[in-house]
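Shared chain: subunit A. Partners: subunit B in the first complex, subunit C in the second.
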Partner chain A sequence: MQRTRRFRRATRLVGLLTAGALLAACGAGGRPDDGEGKTTPDVGITDDTIKIGGHFPLTGVAAPGYSEIPSGHKAYYDYVNANGGVNGRKIEYVVKDDAYNPTNTSTVTNELVLKEEIFGMVAGLGTPTHTAVVDFLNAEKVPDLMVSSGSLMWGDDPSKRPWTFGWQPDYMIEGKIIGQWVKDNMPDAKVGLFLQDDDFGRDGEAGARKYIDGQIVETVRYTPGNTDVAPQLAKLQAADVDLVLGFNVPSYTALSQLTAMKINFKPKWFYSNVGSDPALVGSLLARFSEGKVKSSAALLDGVLTTEYIPGVDATDSEWLKLWQKVWDAHGAEGELTNYRIYGMSQAYTFVQALQAAGDDPSREGVVDALEKVGATLEGPGLAPFRYSEESHLGISGMEVVRLKDGKGESLTPVLVTDIGDAPITEDDSAAKDVPPANGIPDVKPAS
Partner chain B sequence: MQQLLTTALGGLTLGAVYAAFALALCLIWRSTRIVNFAQAPMAMITTYIALVIIDAGHSYWTGFAAALIGGLLLGAVVERVVVRPVEGKAEINAVILTLGLFILIHAVAGIVFGSRYRSFPAPFGVRGLTVGDTSIALTGFGVFTVVAVVVVMGLLVLLFRYTEVGLRMRAAAFNQEVARILGVKVGRMLTLGWALAALVGSLSGLLIAGGSLVHPAYMDSVVVYGFVAAVLGGLDSPVGSVIGGMLLGLSLSAVSGYLGSELVPLAALVILMAVLLLRPGGLFSHHAERRV
Partner chain C sequence: MPTTTETAEKAHAAEPRGGLRRRWGNSVLPRHLTLAALGLLAVTVVLETTGSFANSQLASMAYLGIAAGGLTVLTGLNGQLSLGHGAFMAVGAYTTALFLDGDNPLPLPGVLAAATLVTLLVGAAVGVAAARLHGPYIAGATLALAVAVPGVVLHFDRLGGEQGLGVRMPETPAWVLDAAYFVTGSELNPTKYVAYIGWAALVVTYVLLANLMRGRVGRTWRAVRDDEVAAEIAGVHLGRARVLAFVVSTACAGLAGAVMAMAVRITAPSGFSLTLSLTLLSAVVLGGLGSLTGALIGSALLTFLPHLVTGVGVDAGLTDVRAAELAPAVYGLTMIVVILVAPAGITGTVRNLWRRRRGAA
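Then we have the complex of A and B:
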């Protein structure tokens, strides 16, 4: 633990030093100075464009699913651009592949900030990856919005990282909500934790332990990249675990299911939202189903998970109708998937933030606006954002669902909470938000 | 007990794959005296060939055979086209070339097959056996993996020890000039060595892919562990490679299960260092007298 923390601090330091050296090297560049005392617009924004960027794993171990998120962003920005943009500005989204490797993330973030000169980072994906660049972005005062990860780091301490905002519910509140549900509904279950060995697993574990510390009989961690999880599952099996709680990415959901088959391990499974996309995991498992199920999505039948935005299964949701319309008109190849919807939902929030920052948004203006009105934004999220001056954490809650035929059947109302010892309460208010008729938000400037 | 059994059996099957890969490295080493780093992506490409054929509706075994033949051809082509021009120069040239090839094949696979995960079928069940109350974490495919590797090892031992071709290959690798004077067609032997090694490499690719997920980088960890296994066995001995692979598979599986999966690469490196320090020739090297 101590070692990893020190190591992380060291990586951050090295990253910072590298970034610093790079900056010093190109110190002569920077902002154009018109010398007439007029306010110069911020980097990355002109009268008719705004350039933003994001880092995603387009290749490698985390690519399945996640690589689709930027295509959702692009489709929605294209839709907004086709309808006149935001205050006349077209949004240009530059996506770089970091292959889920923090070293690459540093490189591509340098490229985005220094070479592409983006206005802000939007939806950069991954806990280990984004950790490598979050201090650099804050030192450079680059807005770092809607990080695609549920680590607490993006919002629990805005004084430390004033430019960074989370978006999805953080893993700790997810762990709490899952923990409470298990405590209330499966009080006799012997729980085993299957965790990714980083903040993702750690935050989720901390949340779950607030409710079911006594029920957890074994904890195993996998290292992303090592695809052999048999030793880990054997350990859970040896501890007679009958409910596995997984804080893992989708490919490891597939691997854990496959491995469980191999070692005859038949517990109940509860995967956190991140790893539970039935369409993606089902497609990976379909080949091994031995002809017993009709559709590949049904392979995860009975698996418990959580939801915080309406996905492809929410066929009567107005949001899904909007996403489908956007995807049909501006999407890339392929179907509308939950990952693309995730991207579009984030893009929707970004457009709201931009509108809230007024006619001539500055980098600082966007951050201020989100702190001021972020908590009141209406969007696809089932629960409201927690954005304020004290917290940059995102959506505040989710519901517990059971998968059936690729669809999530609600087991609870929307449960809302916060980090720490905040109680869990029911709050369906944000779940009733509907999109405006033209599909583009209309947020008034915050100041 | 159950955990120990499951961990051990898992380690054994995994070890068999490392063994197959080590065999391929050993084969190239024996026939050309270089280490082929491109072995992993070459095996990855042939596995994808099998996957394309299987996805087109053909049987698993058609894909399996196609991958092996593909490996054979790919090995021969790589030797003729890429490695031959640096033949006779320092061995490091060829080794660096194979590193370049590693990157190239990766990129090509990414472009042609895409980089997403895909599932790869297995010809036998992927469900473990149960005997009474004890579950035996050995799938039909796991048994096939171990058997296939042992058979290949046997064939290689026979080839090198009891056939004339094997003798010529060893001669060509050991000393090209002398071999040439003795009438060995050295060029042909080198091509054959590469082709056979690529074939065994393809087999290891198919074995690790079966019943699991593949993507262009899925063989990359195997190249590291396969290399450790080969060094453990002495790089020179097929039997050593297989035992080295099995030992490594068992140790890494135990490390992962009892100590933590984050320590697996570290454990592999510790083993590698220990072997290089204590027995630089490997556990099974018979050629100490050759060193100067």
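Then we have the complex of A and C:
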């Protein structure tokens, strides 16, 4: 017994030693002295394809509306691909669901960058969600184009995030434009702010306060996820507010409208562009009220908001005709909506960026090209982009509209400005852009 | 919860054992350490042979595994149902984010320890309260915690509000890079580094938990779970046992939160919703209550199943939205099937089958 045990112990010891030695032998030891300079070809692009990706809430609370954006992208890329692609390359758009949860965004971005090996991130949606991955994308030197959010983070400091570009007007210039309009047209109104408690509400408030600081009598904030906004609206009511200025997402437009009906609060409403899609808000109102309110785009009649691209209501716009043609030929199930148009408009800009980067686009080439010619790109946007070496912020302006039967009636010319103290000026030049006859941009290489 | 495990353990103890078996069975620590070493070896092999994305998935599996391990001890061994472990992960994650903020952060092991310690203290406070409660009331109290913590976070500007705090991973120390290169022959990228940290943390946690479970403390916990009166008569202090189980479990959740913060690179309230707590519980139930192997299997399912299902959906020609909706549906169905067909969870069922076969032979 004693002997066998000792024998066993010895066997085990020998086994361990062998395993250890084997492991050490497997290892590489030191690094090779010669650090060969690697020039890796850019990932995600071949002679006939280019693969890009995006993260969107396809499931969960933020999915209504937003989940339609990628279908717009896909329809437009399919249209371009069917017409020969960009310089012979077909665009493949890989869409991943993050359910508007930053933890998931991080996971799916890992998947897009490390496994799908995308050339670039295009139109990743959401401020909290995209915040989770913006540093990773910049560290990996992945172009991060046309983020679907108006936070200032996507372009106010290109030295910090050189690979990231915004697309839509940021919330601060929207706040400024709204503020100036209110000051000029409703100088006696007592204004109450209804804000989402994040960059969205903060930037919008900062912009608006530049013009109507004295008119604002009450400010309330809501946290996304908490569906009871009665305390906030009661506070606005108590302050005797004439005009509620909302920087909120569509579901909170519906909630604030419903709650106001309940407490018999009848101010004028001005919602930022994000929260004012009449069709979506109408259907949300019907759903939240469990059928007590009939779904109709007319529910938001008289509400003020802003527009920066022609939407489904702009029936005589050449852009809408193009989007309708693309959607009829390549769209998925469902109607053309403002969210799909938003996606197609972004897709149009991406195709322009790719063309500007030349016959053989590299990741760096796309970024350089956008900085060089981005401000001159003609597209559906009512105002030009601000892209340059100093700024990666997107569309520079918008017009104020009043909703009627789901349509926006223009109240101002296109108003253009920039963050900070830049003045607001009228600039209709970009609003006159029309799409080329074949619907595909033709941008000359930037260099 | 007098379960099959209990009877099975008795049967196990009654079995005659061979010399080696007895020695193997009696010396718990060496056995667990050997298993841990083998586990680390396996982890190294897997991490070195898979791509960056798989590495990042494995990092997620590691943090889910750590939290699920802690939860399975609490719920499976001590019979306390916690619906609030996501909140404790949040405490760990925010602590980590705060400690890594700044120019000269603590070295990583220090940060991990700090996150664990802070969560442990919070856990102790909650545990003392929870020890006075029974069954569904503990679940209720912890549920409240899961709902409250993300809300509380919003009230402190320092914590970044709804958008959360970015987590900056410190530079990988040069000696780690050199050592990794020395052993594996490939450069250590940040993703893989986090995966290694996660799995090292997991192995350490599991060794400690396994020892606790096999020892006197584990027996006390089981005694309290199975029959409070009997346990009290046998001299077990009920409250003390409960609080200890709770504290150990929350410390695991804190560590898991720390790894999660590093793997996800952000800590935001929406990452710690009630869903996370319920997800952890479902991982534990799927894998098999009270078993660390089960917790590991559950977290593997949680990490890989949705991704797999979505992939299958897209390949089958579904639209992105439909494919994305498929994942929660399949996960739910799996859950239902497991509970109907294998109520003891995956490990429990396999173990029972194995016993029955041995019994028949």
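Convention: the second predicted complex is superposed on the first by the 397 of 447 C-alpha atoms of A that agree within 3 Å, B and C clash if a C-alpha of one lies under 4 Å from a C-alpha of the other, contacts with A are read in each partner's own complex, and residues count from 1 in each chain.
Keep in mind that, in the parts below, a residue touches a chain if its C-beta (ideal position, glycine included) is under 8 Å from a C-beta of that chain, and two chains touch if they have at least 3 such contacts.
All values derive from a computational prediction rather than experimental measurement.
Of the two partner chains, both subunit B and subunit C are touched by A:Thr59. In the superposition on chain A, contact of A:Val133 is made with subunit C only, not with subunit B. Applying the stated contact rule after C-alpha superposition, one finds that A:Ala357 touches neither subunit B nor subunit C. Contacts of A:Ala189 after superposition on the shared chain: neither subunit B nor subunit C is touched. Shared-chain residue A:Ser67: touches subunit B and subunit C both. Of the two partner chains placed around the shared chain by superposition, subunit B and subunit C are both touched by A:Asp197.
In the superposition on chain A, A:Thr107 makes contact with subunit C only, not with subunit B. Looking at the shared chain after the overlay, A:Ala238 reaches subunit B, while subunit C stays out of its contact range. In the superposition on chain A, A:Gly225 makes contact with both subunit B and subunit C. Comparing the two complexes, residues 58-59, 63, 67, 197, 223, 225-226 of subunit A contact subunit B in one case and subunit C in the other.
Interface of subunit A with subunit C (complex): residues 1, 8, 23, 27-31, 58-59, 63, 67, 70-71, 95-97, 100-103, 106-107, 110-111, 114-115, 127-128, 131-133, 135-136, 196-199, 223-226, 332-333. Subunit C makes touch with subunit A in their complex at residues 19-20, 41, 51-54, 56-57, 60, 151, 154, 161-164, 166, 168, 181-186, 191, 260, 263-266, 268, 270-271, 273, 307, 310, 319-321, 324-325, 327-328. Within the complex, the subunit B residues that touch subunit A are 2-3, 6-7, 10-11, 14, 110, 115-122, 125-128, 130, 135, 137, 139, 142, 211-213, 215-218, 221, 253-254, 256-258, 260-262, 264. Listed in rising order, the residues of subunit A touching subunit B in the complex are 58-61, 63-64, 67, 197, 221-223, 225-232, 234-235, 237-238, 251, 254-255, 258, 261-265, 283-288, 290.
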